[in-house]
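Read through the structures below before going on.
In the two assemblies presented below, subunit A is common to both, partnered first by subunit B and then by subunit C.
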Partner chain A sequence: MTIGKMLFASVAIACIAGPVSALADTAEKKIALSNNYAGNSWRQAMLTSWDKITKEAVEKGVVAAADPFTTAENQATEQAAQIQNLILQGYDAIVVNAASPTALNGAIKEACDAGITVVSFDGIVTEPCAWRIAVDFKAMGESQIEYLAKKMPNGGNLLEIRGLAGVSVDDEIHAGIQAGVEKNPQFKIVGSVNGDWAQDVAQRAVAGILPSLPEVAAVVTQGGDGYGAAQAFAAANRPTPTIVMGNREDELVWWKSQKDKDGYETMSVSIAPGVSTLAFWVAQQILDGKEVKKDLVVPFLRIDQDNLEANLANTQKGGVANVEYSLEDAQKVIEAAK
Partner chain B sequence: MNFFSLPSKPWIWSFAATVIVWIVTVLFTGGASAFGLSQAALTFASFYVIVGIGQMFVITLGPGNIDLSVPATMTLSGTLALKLMDVQDSMIVVGLLVSVLLGIAIGIGNYALIKLLRIPPIIATLSMSFIVQSTAIWANRGLRIKPPEVLANFTTSTLFGIPNVAIVALILSAVAWLLLEKSIYGRWISAIGQSMFAARMTGIPVDGTRLVTYILCAALASICGYLLASFSGGAALNMGGEYLLLSIAVVVIGGTAVAGGNSNIPGIWGASLFMFLVVSMLNTYGFGAGFRLILTGLIIIAVILVAGGRQAGR
Partner chain C sequence: MKLSSGTIRLIIPALSLAVLLAAVFYMQPRAMSYTGLNLLFNLAVPIALATVAQMLIMAVNDLDLSMGTFVSFCACVTATFLQASPAIGILIFLGAIAAYAAMGVIIHLRELPSIVVTLGMSFIWGGLAVLMLPSPGGEAPGWARWVMTSRPPFVPMAIVASVVIAVVTHFLIMRSSFGVLIRGVGGNFRSVERAGWSVIRIRAGAYALAGLFAVLSGIALVGLTTSADANIALRYTLLSIAGVILGGGEFVGGKVSPIGAVIGALTLTLAGSFLSFMRISPDWQIGAQGAILIVVLALRLFLNRLEKREKNR
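And then the complex of A and B:
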């Protein structure tokens, strides 16, 4: 997202906030964020975005409150208890990033029965009474292979870095990558490791498998692991393959330095942590009485060779490339689902 | 020590397992990967060794002694040191000092909770880890700051083919070995681990020794966090995560008695190399994640059974 677009977004918020506060349909409503984990940079950016956008909304009188709550341990039982507390505290809507797609269903149902609007995002829940803002992770995986197929029509060997084993997001991105490879049989996955979406874990896993791999043409990833992979290739004195990045600042900086050095080309894709703000506006719209489909899809944030510099300039040092959503963006997403 | 006494050394089994796994992995490429794999194994095992030694000292203190604040300490040390150094080469030593001092402070905090509030070590160090982890989150909100270039180069390069971090780990191991085998302190922690009551009766300064041990463990975790953050290009909030179980696993697989009073340093090296190589082996042969985790568990149980069985029959 360019600066211009962000400016446009903030102007849009400013313009819309006026009429909304006049209508005041949701001015008395309280929204809570129930979050299961805060222990990485993506989640920290997610919370910062929430803070920034909701503070503005509260100041303008769009809603009465928008308080974030994070559980200490990444556990479904703890989050279920937290949601029950939020019900008792009388929130009108609860926005959830869930520890588990199914284990919170009981608590979510209780909230719905109490007349509370529940919107889940990123870590979505299967309980039918809740709204879901999902990312098409499968398409995210497939888009990597499509990009590579265009870049290297003759194909080659791929190394796949997966995320945290047992998490649904990992399975979905992996399924997308597999589907892509089936469509483009010139590519062959010669190795697969779990990088747990962390640079140091990815670096270690890649360093361990690299000595036994033939020449690798490209590395497909899930985000948060590209820089570690690049380090491992450099440490093993191997030629740097095309490594798909995941929007982290250190990845983008590394990409930029390679690009300046020898025209290195790749792409970067991930979900913007600001998706929490989209969930906030969707919840606000539902409280406002708008009709909203239960399943919404949020686009992923992709960075390419030509908009690398612009995105890098927008990314906080040491953070993640981010987009914060406005009420207008939310309305567009809601429209698109109809 | 003659050849026939080797099987009675508890650490020999972790090395035997390491060699087997190494050979199986290298066979996959017909031997071509031998050098690269050994170098990678030495590099990453070094981090396990450094936290493992600290945890070993604590476990030697006897039943119930364990330090669960290792991951949080690593994270906070890496985060604060890198923030303080702020990419300036001139601050490298200051960063290291701050990181060690931080470890000492956390160690004192841990033992203060254990002693003054009479909280069991497992709960005391767990509570401490919440405080430390939250401080790390608060300190830098998960933003990654690059290490100073000289430091980053040092941690990622090699000397005569041996990774620098492995040399650091080797020096720390040698110091730990001297402490354990040649100093009165080493005798004291073994005595405390075998019977705290008896140790107190013989006039050993039990509290002082335990305090120093918890400080040592936290300081080593701090140094490890400092090195790991510099090695991997920045600290991350979840960077210590898996070092909790690993630090305990390498101690146990290495042949240190979980019940305390008996420890050994060579075993930590064998176990650390083994833990890295086992994952690499299963990755190399392309097993899926689920199967890989099951196999890792089974192999660890097998190694402990073989090692433990021999010890009991001694």
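And then the complex of A and C:
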């Protein structure tokens, strides 16, 4: 069958089916997830969330299918080929966590030209025809300083643990922290190390810089590094400063034990892996004919002193605190962008 | 009927491509169209060019481990200099090709293992690419985009390009006297030397030609992706080597087949699509890709044995 005939057939079906369901219906639509990497706890949680939410949606008949695809090597050319395969497989929408913000643009354009809705999240793409669900990482960095400013109005010395050098997320969180410190000059960053978002790396890096530092009032982090920092402070027999956590299970467990022991106070902030489900609902809404702005912002997930226990109970061992989004959440995010 | 060994060499890759293609068409009839074929194969075009480049290096018994980073470097040049000021871009490319020729000369003069030299060079190309494009970006030159998204009548661009690459390199390597010399150096460079040829010049020529094809690969890649990043083509190192071997080439002895190399590149690309259409979980995909490679290579080994037995009789 030629493409032309298929188009004709689908138009004919749409014309027949149209009057019956006056509200545009997505029950026949198929959505695919194109994911570039699955090798850490965050990505695993992201895929699990996707499975959970989309399975329900498929059972209820909201969409016909929602299949996840992951590339093996985390390479842009491989993911571009994967997206082109998804076009051939006849999906109506593709939700993308991209290996590169720009190198997939050619394949994304092909998808748009074939009439497919493309929604990118977390690793977003710059191709104008795609939708973007981005995290405001800068605000995430700034919120840490704002919290500290409230907690210790007199300020103090800060140690900054950064992520993986050369990755845009690291730059953005760092920029947010810098902006926060400029607004609150009572704080001073006395040291900065790269923790690579991993507890062991962070622990080594902090242990290395600690002897050269004056008293540290607080540690600002990027997630996945708070527990390692706490260990380094304990090993050096230094008083434990306020360490901002990043929603990892080991960090929350440590925080809970300290809180029970002597009322230790801090906060925890990171992006929830369940953002994949938000992207799913946004794609569903677009297929449903809703008007959606191309750039959406997803709120980050913040844990405070009073809701620590509740969040910890919901977090899997070795996992990341997570929220899964519902259709209503997606509609709220879409409304907020208007 | 007696088949020449060259033909036998080509049968296996062509057959495996045909079988894979039939399987893909069976699973996904939508692929059996102009647009479908183009989507299946357009990303194979830069891989085919990189494979031809690798084949030239392998024809003189060397191995290029910097192919992936060099193509990435070329992609970055294409998306930045070649787009903004074409003259400088072309100059950089000429310089890069000269560097490839120089690499050939050094490897020959100092009798260095090519693996070490090219591995070292891969860090240089990678570093230069990061310097040029510290964060992903750039823009494809209009003409590169136009060529890669053109829609010739009846046959999709990806197929036309593959055939053109195969035919041009076939004449270059299998029919021209320069091609015979390159393969001769791989087969027995002493006899080529004794016949009065300058082996150093031939090697430099082979490397320069490989550099040229790698440059074309980078341009084609950016034409497809519209922009570049410094890691865009890292997979090409192994893909290009696998493509040459899959297409009937050998690591030593100057035994290469340009048509086979292009078919090998297409087969590798198709194998990925095949596995994703089969819905194999990504955890198994690398293994499955490897299994396809092993099956094809085992078949070839078997045919090589048969060929030898025939000769001994």
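Here, the second predicted complex is superposed on the first by the 314 of 338 C-alpha atoms of A that agree within 3 Å, B and C clash if a C-alpha of one lies under 4 Å from a C-alpha of the other, contacts with A are read in each partner's own complex, and residues count from 1 in each chain.
As a working rule, a contact is a pair of C-beta atoms (placed from the backbone, for glycine too) under 8 Å apart; a residue touches a chain by one contact, two chains touch by 3 or more.
Please read all numbers here as calculations on a predicted model, not as lab measurements.
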Touched partner set for A:212, first subunit B, second subunit C, both or neither: first
First (subunit B), second (subunit C), both or neither touched by A:85: second
Subunit B versus subunit C as contact partner of A:77, first or second or both or neither: second
Subunit B versus subunit C as contact partner of A:58, first or second or both or neither: neither
First (subunit B), second (subunit C), both or neither touched by A:69: second
First, second, both or neither for A:109, with subunit B first and subunit C second: second
First (subunit B), second (subunit C), both or neither touched by A:38: both
First (subunit B), second (subunit C), both or neither touched by A:149: neither
Overlap of the subunit B and subunit C footprints on subunit A, listed as residue numbers: 38, 72, 166
Of subunit A, residues touching subunit C in the complex: 1-3, 6, 38, 67, 69-73, 75-78, 80-82, 84-85, 87-90, 100-107, 109-110, 114, 126-127, 166, 168
Subunit C to subunit A touching residues, read off their complex: 28-31, 33-36, 39-40, 42-43, 134-138, 221, 224-229, 231-236, 269, 272-273, 276-277, 279, 282-283, 285-286, 289
Subunit A - residues contacting subunit B, complex: 38-45, 48, 72, 162, 165-166, 191-194, 198-201, 203-205, 207-212, 227-228, 231, 235-236, 248-250, 316-319
Of subunit B, residues touching subunit A in the complex: 25-26, 28-29, 32-37, 40-41, 43-44, 130, 133, 137, 140-146, 156, 228, 231-234, 236-239, 241-242, 276-277, 279-280, 283-284, 286, 289-290, 293
